[in-house]
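In the two complexes below, chain A is the common chain; its partner is chain B in one and chain C in the other.
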Partner chain A sequence: MTLTAERTRTPPARRTPRTGRQGRETLILMLPALVPVLVFSVGPLLYGVFLAFTDARSGRNAETSFVGLANFGDLLTDGDFWASFRIGMIWAVSVTVLQFAASLGLALLLNENLRFRAFARVLVLVPWAMPPVVIGLMWRLVYHPNAGILNSVLTDLGLLSHDVDWLNDFSVALPAVIVVGVWTGMPQTTVVLLAGLQGVPKELYEAGHMDGASTWRRFWNITLPQLRPVIVTITSLDFVWNINQFGLVYVLTQGGPGGQTRLPMLFAYEEAFRYGFFGYAATLGVAIVIVVLAVLGVYLWRQMREVG
Partner chain B sequence: MRRPLQYLALLGYVVFLAFPLVWLLSTALKTSQEMAGLTPTWIPRHPVLSNFADAFGEQDIVGSALRSLAVAVASAVLTVVLALPAAYAMARHRSLVNRFAIGWVLVSQVFPFILIIIPLFMVLRRLDLVNTLPGLTIVHVTFTLPFALWMLQGYVRSVPRELEEAAAVDGAGRIRSLVKVVAPLLAPGVVATLLFAFVSSWNEFLFALVVLKDPGMATLPLTLVKFTGAEGVVRLGPLAAAALLATIPSLVFFAIIQRRLRSGLMAGAVKG
Partner chain C sequence: MRTRTALAVAAAAVAVLTAGCSSGGATGGGTPAEPVTLKFLSLAWQKESIAANKEIVAEWNKANPRTQVEYVQGSWDNVNDQLVTSFEGGDPPDVIHDDSPALAGFASRGYLMDLTGKLPAELKSDIPQPAWDTVTFGDGKGGQGVYGVPFLQESQVIIGNKKLLDAAKVRIPTPETPWTWDEFAQISKKLTKGGAFGTAWPLKSPVNKVLNLGLNFGGTFFTVDGTKATVKVGPEEREVLQRIHDQLYKDKSADPSALGMGTADPLPGFYAGKYALLPAGVYLRQQVVEQAPPGFEWITIPPLKGTSSDQGATSQTLSVAADSKYPDQSAAFISYFLGSANQAKLARGDWLLPTSTKAASDPSMTTKENGWDVATASAKNLVVAPYLRVNGFDEWKTKVATPALQQYFANKITLDQVAATLVGEGDKVLERYSK
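Right after this comes the complex of A and B.
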């Protein structure tokens, strides 16, 4: 057993010695793909970071000059930015956490030998397969104050006495949008967690069973620790995707009512393409990168420490 | 005792996931009279397909669907043409580019779009490509390329190198072995990548919003969003119908790759 494992481990000897000719061939084959990526995304990204330190405006012939950290100073004293930042954090954290909790529950169910499991496994993929714009439109139909189904169902159940304009009401717009965020992101998280669950060795559960561990204990002591790397990866990715979310919320509310759902990226988009402050919008982007890296850094560091 | 509770929970999930979809479908099948009624109904009293016909009757929707189609086809073909040689090189020879491609896929997830889109907009403006379909195509190609590359090189890797070597031993030249041996085995992977690039472009909203300022140039997602603006309840039926039709390419793509998705292979890769 060990022997064969050893044998397959040894890396296969390199079949073709590396020559100048091969290097050149590789380069020629790669070039058509590399050039557009470098010119149209790596380059612009670097330039975008640079713009954060300038007063760039949208005009074709606008003069641009280097202003150092002035934009960052403005950002820190900009009440609108802080409002948007707060909303962004509430949105990203609650969507990520709720999405994870809901998806873990669903993945555990789908991992059981239940009837209709196949049906549910296909259904869970559908939101993933829908264009974000269509998801936004669909939920606008659900939330529609007169013609929407949500008001009618909640009224029938006696939970609501009058129609609510979900996406235009100051107090419920953000929660309503968060629900859509959870719905949209659930498939991916569920699929990843389910794949993780299927990778947990059966022997561990059998051993747990023999020791007389309860379902809850087996979940807590076997499933969760085994899933940990998968959980950390998917929640980190979810958080990054959520804090950078734009399209879904733009379609649902355009950031309204009164900025109640104006996520940082909607704020940046308005600054750049409505008011023309390219430099300031880029600063916002850099600020979000810093926040994302800080949050992920602390999160990953704590996870590592708990494992180690 | 456990089983019934589990079924109850599963039912809860199915309801949560399915009810917006059912509502979209129901709205698409309702007459405008029924839409204007006081109490919304789950099942249309007189289901009609006229909303789909109406959606096709809207000049804006047909025009923007055709523009979306043009951009998506061009992006898909270009993406694969550019990615295929590189994917082959990545899979067959070890090089720095492999790490760069994976690294870039990761970096592009973390960086907010605003940092790329402003400079990109400036570049396109300099090239006079703002408000043009080729401009949007370029953007879509660059943003699908890294992932397409990664997808394709996986497919190339699954074609055993030994087959090529055997062909060489049999006296086939390099080109001949690529065309006769590798190409047929690679075809499904190429189709999957084409579909991926097509769907990414077809669904894409944000870059289109920035690049295509002129309403006359709008792609389908832009037009659909515009439709929800000021209009009353009456237009919701055709809107729902058009939204459903716009979802078809995506559904086809997912139907084809769903097995792969469920096995978790590509799970972290397709951005939601």
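Right after this comes the complex of A and C.
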């Protein structure tokens, strides 16, 4: 607190000599915290980037050599990669959008003065309390062709004449997995949106009411614009989370049937640990980092512009 | 002053780190005087089989106090990913249970120890050469080696509903006079009536099944030239593909709704008489014995005959990691574990065929009960599966063959299209491995 207050008072010209000494002290103080970051986070990242330019393969008698951009060239012409990238984009975009829509609805509902509101708010958090692997196992049981609750409910309602093998059918596997993705990611999105909703000044709604704006207009012209920074933040973060999703889909389908749910991360995992092409898998990782950075770039740029 | 302290701290940290690393690397080469502990990764999953595995380990531990074996439970689902990580990390289990398709890749990458000369003559002569062929691979440097001991094998038989077969008055085959594929097709047609189908092909994972049966007509699917393999789908390879497809869509004697099922999934329908014949691996008999409703009568029908009854075989295996610190003790444990008496026990536990000739002549392996006589007799039809010699088979299987065959059997593409995909895209995949 005092530090910032002091700094705002100091004119920029006289700050330079101070920062020199202060900077060194800060550095020494930060060192214990920086070491783990460098060793466990930056180190592996740089190693991964380095691997992307080699032909590293698994095996004791494999020799690694530098291959320049060859892996990137292969990647651009690899039909399987593009198929997987397409699936990844369908997955990330649809999960993010559906998640947002469902969560906004839920947040609006929970923002109203309902009975058992506190209880409902706690219930909403339940999926968050489960690790992705447990969620995957649970939904595998839900989707089970013979013993799953989904098939039996739909059959009882007369909507299905024969059991559907949800996770093994070429056309429904991806949608089925997307539903689980939406369900899993809803708590954090809902909570963030709810927090945002509570920050919208009540006076604006009162004013809107006075002017005779309908519920829909109030939502469109007050709620949405007020929520915009929150929406941009949470959807960008959701997108990054979703495109990097691995555990959930790995447990649900392992990328099957026939690669219909092979997200980019699963593809990279298979390349590395199944087929042993470490270099190529690292290239895939780098490619995804670039995509994520692009999304984050847009997000940060907007944030900066708003602050500016 | 402050800088110096910081430097000292950093130096100390570096010292600790290097010390940690070097002590990690130097503890190898345990002296034989001290008792050693081997890690044994087992993939047994059926209850009886886990019990048999643990029992044999306990017997060994009692008899060999100086070489203790620790039983580690693994799972077929992710064992190969797990092994790659532990091989690369340098701390693999000493004794590894796996199967021959996986060994081929591991051997060429130098992860496994060549067992040539490490096994007693008794064990070597007890297991016939065709079984040893399923574990003999190139070492990735131009040599050949034996990278595991084969112990359990699976053949494809047909499990039949006895009442339905008797009612239709069909000839019940014996191992000496098996059904031909033509006969099988006719009988399936005959059994298809009143809403029931003659047979059901559960083809969720079609590749190994089709490739193993392909040998009935001499279909090898690959030509291997040194380390370079190419895919081939000629008239021999097309036979089995076409015949299964015909049963599904021309004769309509095979239930199309079973296509997406795994091997054990059609069993409830089979008990209910929805299909009379169920092509399956010999191990499926166990589930039939355990789950079939009382009064359900079934028989094991020997492998079909095309131009021959040959089937591609792979084996379950025990191997020693190249990084193991106790190679001799590990080899000794394997030799004990796979002695003929133990093999019979393991085969009973998993309802598979033992490779040991002595174990195969054990009365429990030749009894008429539960079709053991037919199952054990089918071992003579097993020859090494050609795809075991193919570098990159696993990737070909997952990326190319599984989706292509699934689409073919779902009648979405034609035989010519599937053949073109298997060869065209397949060769592209295999090319990466011959570099």
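FYI, the second predicted complex is superposed on the first by the 257 of 308 C-alpha atoms of A that agree within 3 Å, B and C clash if a C-alpha of one lies under 4 Å from a C-alpha of the other, contacts with A are read in each partner's own complex, and residues count from 1 in each chain.
Simple rule for what comes next: a contact is a pair of C-beta atoms (placed from the backbone, for glycine too) under 8 Å apart; a residue touches a chain by one contact, two chains touch by 3 or more.
No experiment lies behind these values; they were computed from the predicted model shown.
Chemist: Scan A:Phe273 for contacts with chain B and chain C and give back first, second, both or neither.
Modeler: So A:Phe273 meets both chain B and chain C here.
Chemist: With the two structures laid over each other on chain A, which partner does A:Asn168 touch: chain B (first), chain C (second), both, or neither?
Modeler: second
Chemist: Which partner, chain B or chain C, touches the larger number of chain A residues?
Modeler: For chain A, the partner with the higher number of touched residues is B.
Chemist: Tell me which partner A:Asn244 touches in the superposition: chain B (first), chain C (second), both or neither.
Modeler: first
Chemist: Just to be sure I read the superposition right, which of the two partners does A:Leu109 touch: chain B = first, chain C = second, or both, or neither?
Modeler: Once the two structures are laid over each other on A, A:Leu109 reaches chain B alone.
Chemist: A:Ala147 in the overlay: touching chain B, chain C, both, or neither? Say first, second, both or neither.
Modeler: first
Chemist: With the two structures laid over each other on chain A, which partner does A:Asp80 touch: chain B (first), chain C (second), both, or neither?
Modeler: second
Chemist: Chain A residues touched by both chain B and chain C?
Modeler: In the superposed arrangement, which is not itself an observed complex, chain A uses residues 28, 31, 60, 146, 269, 273 for both chain B and chain C.
Chemist: Please give the residue numbers of chain A that touch chain B in the complex, ascending.
Modeler: 15, 22, 25-26, 28-34, 36-37, 39-45, 47-49, 51-52, 56, 60, 102, 105-106, 109, 112, 114-116, 119-134, 136-142, 144, 146-149, 152, 183-188, 191-192, 194-196, 198, 215, 233-234, 237, 240-241, 244, 246-247, 250-251, 264-265, 268-269, 272-273, 278, 281-282, 284-286, 288-289, 292-293
Chemist: Can you list the residues on chain C that touch chain A in the complex?
Modeler: Result: residues 2, 6, 13, 80-81, 84-85, 87-88, 105, 108-111, 140-141, 204, 257, 260, 265, 268, 322, 392, 394-395, 398-399, 402-403, 406-407, 432 of chain C touch chain A.
Chemist: Would you mind writing out the residues of chain B in touch with chain A in their complex?
Modeler: Checking each residue of chain B against chain A gives 2-3, 6-7, 9-10, 13-14, 16-21, 23-24, 26-27, 35-36, 39-40, 42, 81-83, 85-86, 88-90, 93, 95, 97, 104, 107-120, 122-123, 125, 138-139, 141-143, 145-146, 149, 161, 202-203, 205-206, 209-210, 221, 224-225, 228, 233, 236, 239-240, 243-244, 246-247, 250-251, 253-254, 258, 261-264, 267-268, 270-272.
Chemist: Sort out for me which residues of chain A touch chain C in the complex.
Modeler: Of all residues in chain A, those touching chain C are 28, 31, 35, 57-62, 80, 145-146, 162, 165, 168-170, 257-259, 269-270, 273-277.
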